[in-house]
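Following are the structures in question.
Both complexes below contain chain A, partnered by chain B and then by chain C.
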Partner chain A sequence: MQKKLFYLFNFLMLAGFVAALAVDYHKDWRKYQAEYYRRTAGVLEAKAMQSSDPAEAAKLKAQARKMRSMPIQIRQIIAKDLGRVDRCITCHVGMDEFVNPTLTTAFKDQPFAGHPDLSGIVKNHSFQKFGCTVCHAGQGLAVSVEAAHGKTENWEKPLLREPLLQASCAKCHGNFETLHGAEIAAKGKHIFETHGCLGCHSIHGKGGVISVDLGNIADKPLERIALYNLSLIKGPDGKPLPRRDWKLPAWIEAHLTNVPMDFVPNDPYAKYNKEPIAPSGMPDFTQELTRDDADAVTAYLLSLTEEEQIPSRYYVPGPPQKEPRFANAVEHGKFVFNRYGCAGCHGLGGTKGRRNYNALGPGQGDMSLDMDKGREPTLVDTLGTYTRDELRAKIQNGVPSSQIQKFNPDGPTPPLYMPTWKEKIKGQELEDLVTYLMSIAKKQEEF
Partner chain B sequence: MAETTQAPPPGGPKLPDFASIKKAVVDSQVWRSMFRGGVWKDTPRDRAAHVIGNVWLHLHPVRVRKRALEWTYSWGLGGISFLLFLILTVTGVLLMFYYRPTVDLAYRDMKDLEFAVTLGKLMRNMHRWSAQAMVVFVILHMVRVFLTGAYKKPREFNWGVGVLLLTLTLFLSFTGYLLPWDQLAMWAVTVGTNMAGATPFLGNEGPFGTMMGMRINNDVRFTLLGGTMVGENTLVRFYVLHCVAVPLLVGVLLIVHFWRVRKDSFSAAPRDPGEEKAEVWPHLITREYIAAAGCMVAILLWSVLMNAPLEVMANPNVTPNPSKAPWYFVGLQELLVYFDPWIAGVMLPNLIIVGLMAIPYLDINPKGVGQYAWGERKFANVLFLLGVAMWFILIYIGYYCRGPNFAWYWPWESWLTQKAAPPFTWNLFGPDPQWRMLVGHDPQWKVLVDPPVANVSVLPIWLGLPVIGGGFALAMALPKLVQKEIKSGLAHVLFFGAMALLVVLLHFAVKVPFSQGLWLPFFGYLAFYFGFLLPQRHIRSLEWTRYLITMFFVVSMMGVLVKMGARLGFNIKYLLTLPAVSLNI
Partner chain C sequence: MKRTASLLSALAAIVGLAGVSFAQGAPHKKTAAELEKEKALTQPYSNDLGPNEYDSVVKGYPAQFQAGYKLLKVRCAQCHEPRRPLNSRFLEPYVGDEKVSDAAKRKKLKEAKIAEWRKTNPELFKEKAVWQPEADVWSRYVHRMMNKPGCKMTPVEAKQIWLFLVYDSNQRKIGKNEEAWRAHRNKLVEEFKAKYPKRYEELAPQSDL
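And now, the complex of A and B:
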């Protein structure tokens, strides 16, 4: 019996070690690299056959021979300034400047395709200096498909799909609104600044105080996002997101493609806490923004990062925006209205107040069920009764939470309130804003 | 006429055969300088020479009792633990070629090992799984040695060395846990080292700590971390401890441990008196080799098939919820629900270590050495196994039943489910006592059922010190004070009768629901049986010194159970609290 065990275990040890070596050796990247060399050599040989010039044919044949004898090894770009090591070119050999100086290949399928040169990007961003992941994200140190694309658990910055890829441009390019190739991110910034996001959110301190500062939203760790809330997000097909997609880009995008109250429900009926907590105060933007708009805004927000250790000489300031000129006070007032994000609570052009949970609103009957019908004031309806002085005072003083009447007194405090704009909107801006608001107010009936 | 050469034999010159080649090699000067003994002859002399003449084997005797060869005596647990230590050393050295212990590079080197280094993934996996296995096998080895009474006279010292080795194994695993520098590493070590900050007198958050001038930047936790938080200093410090200091210490203690096993002669009792001994070569050596090879195969296969986890890079600004210590310490972390850190993290582990080391000096029952004896060592076996069971049950609860915010989640419940906030807790003896809350008729003041305010104490401190101290002392002395034999059946009936009465009383007088009240007989029975009935039956005849020390450890164990019952059943946080000196029991 012992003899049997002796031979069995010795055999298993040897077999196990050989198996480990085999598993370690047969990685996907070897396959892909070998196939690239094989294919490229094939293309070169075909060209050599078709060529009429014998010298050129010999040269092509020599190139093909060199391709076939290329060693199969891990290839990497060490972007020293950025502190990154990117091994993407181990599989994507067509994008390695040393093996393939033209960066174009005859193949369309990944990972054998070349790198597109949209907008002269390759000329301006030497791959040896930048590497790959500073733009594309993903896990540069990895050499297996899923891990390198960051699609595994425990890697929070997966490969950015178009158009979110444009977020990376804004990391270095200041004033990117006119940057060739970053149009969608620029569109996202424009949407952000005209649909009232700045009314609640600030960016690096500029903007509203009601919700979080988004200045470094792209650095938000997954640990700080409640998985329970991620589980409530619905994808474009209406079904819950698969677990592998529970990452930051999906979370940001969900705020615009899902109704925030649905996936951040908190505890308005005090089931788990001693006091009721209102659901997310963020309004529903699904009717106002298309999916493309949401993508654009997400691309813009994903560029807001403070973690990158990018040396200052990599920054490109970009052309500053022109100072806007206004024809009259009403136009200036409209600009001020957008600039401070009033549309965030009062709707585009003040036409419809956004939802404010458990505030008094239209159509509320059932004490516990209709708390979600609460609304902010719709300016076009309410402003008709205000004098200029009253309006100016209202804007400057704001309306604190305590003054907002609750629909259900046992329900939670309404999450949205009007901040004091005293310090931010002053002088001519305030006057012109008041002028604009008076102009959009519906005229009251004269009795 | 004489012929100078012989004619060659027919059929060509004769080729030298294997035996003569072998003899030529083995008799050569080169071979003999390395290996004494010449050609191997399968005689008792040569078999003995193999053991005596080989530096790696000569710790073994030449002959052992046949009983010692049986698998079912030792299960090879000690040997397997040693093999795992060797695997860890070899894989550890190989990993050291690529790993750099700085915060900038540690995580990246882990990724490099996984993706770029040939067999790097295998080495890392083997290292991690061997480490986990070594902790398990060392504990199993300790249990085996206990159950076979192999710690009794004259082997007490070796048991103590073994307990130290257990502690160092846990410490090695703990220091190694930090090195990957991912979230799991950083925060598990934060949980573990924060317990050091609660050390009495030496920790800045422990009882009497601030009185002794301990601050966050000069206490024992600071010494361990090399800083006030787990950071780059901690990484280097733990690296040196893990790779150099503690392995050297373990090596020294292993030398003593093996020497002692040999000098005290292996404990396996002979099967029958006057039996013939078996030769170590080949019988013991083959069994050792097979056990080692089997363990190696298991580790190898497990490492090829199961990948060791690596979470996101350590981030001091983001705390995972829940943050758990490594699994072998998560039992102590579970105890933190019931005790303050200075008890759960400092006093109890130290009591466990001291208690384990004291066992051979307290257990003077001569029966059961060298064999598994269940009937003759009932008290020792039951209480030791109770301790081991408590250790592993607490680990199970802490690992599988605690989710975000350390709330209770059944093992099958998803951690995505939301849980209500836990009810408030109250203290028994403390400052500013509100005794009316203990039994109130006003439905708001029912501290036993649903405390309306957190951290309220109900009875005064001057009453608490004698009650708790006296209660502990009484529990220690009682079994020996009752010298008569107690009938087990009668004792159980009386006990459960009293408990039933108490539960009913609590229900109808102060509206304690039965689901809460039943915790009382559950933990109460455990404390009654293991803390009174069993000692009364078995050690009331022990002399006072040994008896009191034994009962101290027994009553401490029961204290843990009683406190758990108090917390789970009645939301009692502290039995006694003295906030002025950070002393909370």
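And now, the complex of A and C:
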């Protein structure tokens, strides 16, 4: 009996090995590689047929024969300096410098096409030195499409496509705003700086303290994002995001394309916690930013990483930006308003106070339903009732959370408050900010 | 029959009692103004320790200012006690405001008056806890209050209240009443310091007592 079992298990093990080999033999990458060689050989043979020079024709035919006899194997780039091994060229064979030294192909479809920017980006970022994933992200060691493109559940860095791809330019190049090819990331940074994000968020300590520092947001592990919140995000088609897209880029972008309190509702009625917790305090930008704007900001934010082990000699800055010049105090004040992110709470140009959940606001009636009508002050309406001295004091001292009146006393503490700015905005910046604020104040109705 | 009637009345009593207790148990929905008032109470100023009415003084004022005073006691009291503006250090020059309809002209007159006070009565500008003379201080504050959530003050009412505040300030805070006002304000600040030392520390550096 034991002998029979021994034979049976041996047979099963052998069958397992054979099955594994069979499955591996039918992997997509083998088909792609064979197809690339077959297509390329076909192109060479066609050229040979058309060639009037017999020597040239013979050379092309020899190349075609060589192409048809190329071994089907895993191909990879070892980018030693960057500590990366990228097997992307196993499928994208046309981008393997050893198979295709010119790196150009006659094919438009993937994975057979060549790199679209050979004369620019590739010229300055040789494949052998940089590999692929340092720019494109994804899973370099994988050889299946889904896994290599990071579309599997637990791979945190999915393949970056345009426009998010420009995050990779911005992460290495200082002054990327002036670099050709990084225009989208530069636009994202500009939007980030002019729509008030810095009022609440800081980047490496520069900015507000109300919400998290985004200096390494691109390194945020997915385990710190609740799957429940990800499940509430709506994609561009209005439907929930598919599970395979529950990644950091989608999480960041959702803050600009969805209403944040919809997918970070927290617990405002204290159903699950002892104390009520307000939904996300992040304003609703869906009416203010287009999808392209949101992409641009996401590209910029994905460049904010501290995790990449890239040698310092790889960090090549672009030319420095021109120092801004201002014609008058109002213009400078406006710059200061944007620089410190005042629009984050008070809206662009102070024209619309943003939501502050459960703060006392206009038009509130029902205690349980209208907590989301809480608003930050709309500056243009109120500034006219302040003197320069009062405004100066308000900016410097801020309005602590304890002084913000709750609409529903049993509801959560409003998430937004005005931090003290006395350490950050002072001197001429403060004076010109006050001048700007005075200039945007609506004229009071006269008595 | 008698028994049915008594049963019915007992049932009615039970239903009635349940209704009353339900009504009592239902949470009172606070208005925005009530919430503002709560906030005002938690963030006191020295003004809040002074008298809540000046009826005996105001009854000697012309009728239109008395009307503003009456409105103040209703409208302003929605969000804070009347004592807050009545004991305030704010001082806006009275230039016959009700007669000068051109706001720009009125402002010029007021600025001239401020300049005159600077020369003739510099004390008004030194003792910041007692007086805060400004050409449009009451105007600014009444407008600011109008922007508060839940404020039901109409522009006409606001103007009446503003007229009263300006006139009243010029009656009770300067001229023959200057010394009495100084003593009153200093007493309020002392009491405030003793009663709310933390709040005093918070407001004193900003001269916002």
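Definition applied: the second predicted complex is superposed on the first by the 428 of 447 C-alpha atoms of A that agree within 3 Å, B and C clash if a C-alpha of one lies under 4 Å from a C-alpha of the other, contacts with A are read in each partner's own complex, and residues count from 1 in each chain.
Please note the rule applied: a residue touches a chain if its C-beta (ideal position, glycine included) is under 8 Å from a C-beta of that chain, and two chains touch if they have at least 3 such contacts.
Every value quoted in this text rests on a predicted model; they were computed, and no experiment measured them.
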Which of chain B and chain C A:H26 touches, first, second, both or neither: neither
Partner chain in contact with A:R313 - chain B first, chain C second, else both or neither: neither
First (chain B), second (chain C), both or neither touched by A:G384: second
Per-residue touch tally on chain A - higher for chain B or for chain C: B
First, second, both or neither for A:K123, with chain B first and chain C second: neither
Which of chain B and chain C A:K239 touches, first, second, both or neither: neither
Overlap of chain C and chain B interfaces on chain A (superposed complexes): none
Contacting residues of chain B [partner chain A, same complex]: 108, 111-112, 114-116, 118-119, 121-122, 182-183, 286-287, 289-290, 293-294, 296-297, 300-301, 303-304, 309-312, 315, 318-321, 415-421
Chain B partner contacts - residues on chain A that touch it in the complex: 2, 5-6, 9-10, 12-13, 16-17, 19-21, 23-24, 74, 85, 87, 139, 141-144, 147, 154-156, 221-224, 227-228, 231, 267, 271-274
Interface residues, chain A side, partner chain C - complex: 360-362, 364, 367, 381-382, 384-387, 393, 397, 403, 405-407, 409, 444-447
Chain C residues within the chain A interface of the complex: 27, 29-30, 32, 35-36, 38-39, 43, 97, 103, 134, 139-144, 147, 149-150, 155, 158-159, 162-163, 206, 208
